[in-house]
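Shown next, in structure tokens, is the structure this report addresses.
As written, the chains take the letters A, B, C and D, and residue 1 is the first residue of each chain.
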Amino acid sequence: MKPFQISHTERGAVQLVQVGGALDMHSFPRLESELRRLFNHGHHRLVLDCEGLDYIGSAGLGALIGFAKEAREHEGDLRLLNVPPHIYRIIELLGFTKVLQVHTEETAAIASFQPK
Amino acid sequence: MKPFQISHTERGAVQLVQVGGALDMHSFPRLESELRRLFNHGHHRLVLDCEGLDYIGSAGLGALIGFAKEAREHEGDLRLLNVPPHIYRIIELLGFTKVLQVHTEETAAIASFQPK
Amino acid sequence: MPTPEQIRINKTTGKLTIQTPCDGFYLRHIRAIMSDLARQVGFPEHEITMIQMAVDEACANVVEHAYASDKQWCWQHRQPEIRMTIRTESGRLVIEVNDHGQRFDFTSYRPADVAANLDEMKPGGYGIPIMRRFMDEVQYSSNDHTGNTLRLVKYLKKS
Amino acid sequence: MPTPEQIRINKTTGKLTIQTPCDGFYLRHIRAIMSDLARQVGFPEHEITMIQMAVDEACANVVEHAYASDKQWCWQHRQPEIRMTIRTESGRLVIEVNDHGQRFDFTSYRPADVAANLDEMKPGGYGIPIMRRFMDEVQYSSNDHTGNTLRLVKYLKKS
């Protein structure tokens, strides 16, 4: 039951957003305003580092889909990194991992945005 | 809100007992039976390493006093190590630190039992 | 009649009730209690996460939707609140989430399932499908006196 | 009448009720909720620890003593339980711990204080002295219908 935390660092043309704690309906507006702010600055290539995430609810999951969709419309994407096993298992079961790219290495997540 | 944990290692003639999590009325019997077991084996020189302790209630505090008293009757003692600041502040305020020795270094805590 | 000691020992059947103001702030405590009790009944970790999500969802819907319209809000003399009861029985967990907000026609609400929502990359509407998917029983009922109650049941699988 | 939104925003006055079986297992959740609400009202961390200890103590006494004697247990038709209400008001926190066990003559119970117990190295009897020391008001009352209630109040110091 750690409080929700969000921070962000730049990795070249990619924005690395770290989240931790519980992403529920109470903390969810903070994710939303942070991602909205990045979009407003023209950043549409996002990696969400979920390493410290304890919990994600349906509002949070829905938001990830919505932001990924919007990012793709601007030649970007929202991709996940370091999803804890208990959360991965649930989002895989629900099918979210078919729609969202999930990475286990930061370098690979960042590199996935490079043109081949 | 980590679950209560207790383990113990020998340091020469001194028993180092590590506790973590919450020592409340629910977990307290586990402390009691562990210390009782050590007493029954003739070990009366105990250092209680409180590094991972989140919470201690009055039953736990009372037990420490009771075991320290009994240990002293057998030329031993129960001494505290690594008491987290928020707990130290409370037990100091209540006067427990006048009756129980508190150490901040493991070597000093162990050495405090050596005859001078 | 069982003595207090017998009742105390018989931990697998217990009832816990919590009533909080209608605010997302309290949901993390509800989830923490929920997962602790589910663990006590003997559910495996991945099912504990599912139960936690379903209950979080039920409460989030109360906070978000049940008191949304003050026109339809039937019990205006009461403060908006979430009231939840968890019963741990041997072999199953019964959770009831109760509110005094507007009625919702839950039974005839048949949204697209999660997969269909994902195909269209919809940003919402996952709550109720997740609840239905993760719990064995999901029932909504309305009553003039006791308000609206969503009942969620999860059975322990024999292994 | 305030709208739900106004009530929702007005977070400093809230009421939370929790009712659990009479078992020490639940105390960690009670402490977690307690400290979260005390933090929300604005108490400094060391006072949060004090409030947490006092409330833990009040509940532990219910578990340990209130239902101990089945002779004096007046409400034998009910399951032993702890019922706690926390009210967060601006400037203070009011906690009521309620049980349906035996009555206790709290007011005339005047034990030695913590220092005197420590002088004699007593292994118990610290609970009530700690409660009285850490809270601004501690009141016990008994009622044939509502049972026994211990009321604890802590005021926010102006700084």
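Everything that follows uses one rule, which is that contacts are C-beta pairs under 8 Å (C-beta built on N, C-alpha and C of every residue); 3 or more make two chains touch, one makes a residue touch a chain.
Since this is a predicted model, take the numbers as computed values, not measurements.
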- Please identify each chain that touches chain B as well as chain D. none
- Farthest from chain D in C-alpha centre terms, which chain would that be? A
- Centroid spacing, where centroids are CA-atom means, of chain B and chain C in whole angstrom: 42
- Query: How far is the middle of chain A from the middle of chain B, if each middle is the mean of its Cα atoms, in Å?
  - Reply: 44
- When centres are defined as mean Cα positions, the distance from chain A to chain C in whole Å is 27
- Item | Where chain D touches two or more other chains, by residue | 23, 25, 29, 32
- chain B touches at least 2 other chains through residues 1
- So, with touch as defined above, which chain pairs make the list? A-C, B-D, C-D
- Task: Spell out the part of chain C that touches chain D in their complex, as residue ranges.
- Result: 1, 3-4, 7-8, 11, 14-23, 25-26, 29, 32-33, 36, 40, 67-68, 70, 73, 76, 79-80, 101
- Which residues of chain B touch chain D in their complex? 1, 22, 24-26, 55, 57-59, 61-63, 65-69, 86-87, 89-90, 94-96, 98-99
- Touch list for chain C against partner chain A, complex: 23-25, 27-29, 31-32, 45-46, 49-50, 52-53, 56-57, 60, 63-64, 114-115, 118, 121-127, 130, 133
